[in-house]
């Protein structure tokens, strides 16, 4: 019987701008169980990164803010915590790794000191104990000669190595939830595979839950247990990883699947979803996808459908099924 | 890093030569006979002939240059027309005062500007930031000598808070701690005037350096690690932001020496500035050109120091 | 597709505005207009420029008319800013001084920009020995404190307006050259330069037609700020008596009256007005130049 680790309820996140507040997340709800992986998929600008930053309460200041909703972590609503309470959670209970390993590490501090810092702040480790644990973490993520690397600087490592260091840093305090925001997008394909394997094995060994954000459905197939497809700040389909590939229901999901090279044989030609993602201040009336949907009906242009459970463990936001 | 420093040192050589060529050209373009002033005016006429020969008076230009360079490297910079003593002695008397003024102004501006710049950046758009911005704009726009004049008129003369000019109180015979305080009293106005402009530009530079660093990815990573905001700013951000600031501080010696000339004139401070100014009015060209060279050397070395410090502080250069 | 067609397409993109029809320049102007300080600065500069041009219309006295019966008069209804040591009307001289100070600033900056842009672009683009030599010359110039060399040269050649502008221009070009060179180095490897090469343009054309227009933004900003620096420098040199010579008034040589201690203390109207004029002019230029820098910076998104 798996327990829920984190439950996001109707999260609304907005940005202040010179033209008024812009809503980036419009009622996002999902949950992640202990030890499970949730994959969040969508094109650039759909709000996947903002979702993760909202959970971490790391929205760009001073313009980003959580308008409403709840983020229940172990029963505690993260949106109501003070900054010092959040600081105690970050890096400790909930960790995050980012997309660009080349710029994510501080260039003027050694690898060892950057990892050691997390251990010092959250676990109060000092001196030799801290250094040993740091080297152990480097070994865990597969970095060769960890006792040398611990004193080196980020610029002396390759992109793949730096991402491993990031992972070591994120996992060093045994977090319950790891948020991975497109961690392999900026890496070579061969390195991508290694990093994904690493995350998978670490997750299995440490029983960490993972929220994996990507635009690549292939990665989803590898990593996720459950999948949420996002479009323009809302979840449009939410189901298990098997169901998303075998029974995709939302036209957007189907479009994404057809657009993959793997499916060329199946669909005869490389299809793509017509049109472009609308900008956030030009939201279409009714269903957000109505401007590009091949199965668009009249009601789609008038009203926004709700995220409804159509089958066990399968929710869709589409008028085709309501 | 050793490669980097060696490269910098090697590059310095052509610059040194270039400086010496510029100075030498100035010596020859200046009206008057530069050679008579290169030998002790107190010697006999026959000795003078021999001396003239040895220093290259009758030689071709390139040889003149080489001989002059040789002597300059040994500290023989000729004789001042006005003071009738070796230029080196005259410079030695005055350079200390200018250094005192410039370095104090540097210290003052750094101690005030850097912390304020950092706070300005972390409290962007606040009232404090706004006030500081206006203040630094004014500081950048006011001519240093005008500021000095205003200070003398209002603070020294009208309100009698500070001495009007000079370095020490004339006539009084202080010693020990009294002498020290007398000096400080005389220093306050010129050091503040000179440091004001440097302060203003350093404030803005620190602020913008800090702002640029704060938006970097690794600061977001630091926050994601659960570090307290104070640690994120004052450890992670500041160290990165200060590296270019340190180099700017070193390189501002050039501006400070430049400004010192004007400040000294306004406050009658007995330093290189007043010396050079008087020397020009007196057509004492040996003094002028040699003083120029000494100051240029000093600036060259500050710039070199800036580069070396940069290599030390930035691991990307230190370990490569 | 043949290489030539590809390059032609790239060239078309070079000249195209973005899809919503607004060029980057128009975006910059929009941003600039929103900046109140910058607009204020521009307004003041406009007023000053008009005052300089229409000086005879807004002053009632002859600029150089000496009247020994009326020396050192305090400000009054007849003479708004009093008279100076030769009985001349201070207000009139102040207004005419605007001409000198502004033109010295502009001309010397123009000189330094022209030299600096050419040398910086050539050095940056050609690299190698040419670049090394130019950079060493820049280093040499940067070792000499400005006032020092200016004083020495003015002292040797005698003060005159022309020499002043020339000295200032010649001593300031290294700063611009460095900036231009840095920009050129970044641009050198961008795609549109490769496209130009593919089209067969020679180096000179590439430098002048494509690279330099793209370095305009920092050049404009530094030129603007350079004018401010020029005005400050002119003030300083004229104050020392090595700049503009009497009877031509400049704010700097009006300030030199205060070298006399009793003038400094008792006749404030002789030196405080020109000092304030310098302050306000340079301040306005700095406001505007700073706003310009923010407006042209692609990284700042409003």
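Chains: A, B and C, in written order; residue numbering restarts at 1 for each.
Please note the rule applied: contacts are C-beta pairs under 8 Å (C-beta built on N, C-alpha and C of every residue); 3 or more make two chains touch, one makes a residue touch a chain.
Since we're looking at a predicted model, the values are computed, not measured.
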Partner chains that chain A and chain C have in common: B
Chain pair with the greatest number of C-beta contact pairs: B-C
Furthest chain, CA centroid comparison against chain C: A
Rounded Å distance between chain A and chain B, as computed from the means of their C-alpha atoms: 54
Chain centre separation in whole Å, for chain C relative to chain B (CA means): 24
Partner chain B, residues of chain A touching it in the complex: 56, 58, 83-84, 86-92, 95-96, 98, 100, 103-110, 117-118, 121-122, 152-153, 155-156, 166, 169
Chain C residues touching chain B - in the complex, by the definition given at the top: 136-137, 139-140, 142-149, 151-152, 155-156, 228, 232, 235-236, 239-240, 242, 255, 258-259, 261, 264-265, 268, 271-272, 275, 278-280, 282-283, 286-287, 290
Chain B to chain A touching residues, read off their complex: 216-218, 220-229, 236, 239-240, 243, 313-316, 319-320
Complex contacts: residues of chain B adjacent to chain C: 11, 14-15, 18-19, 22, 26, 29-31, 137-138, 140-146, 149-150, 152-153, 157, 164, 254-255, 257-259, 261-262, 265, 276-277, 280-281, 285, 288-289, 292, 295-297, 299-300, 303
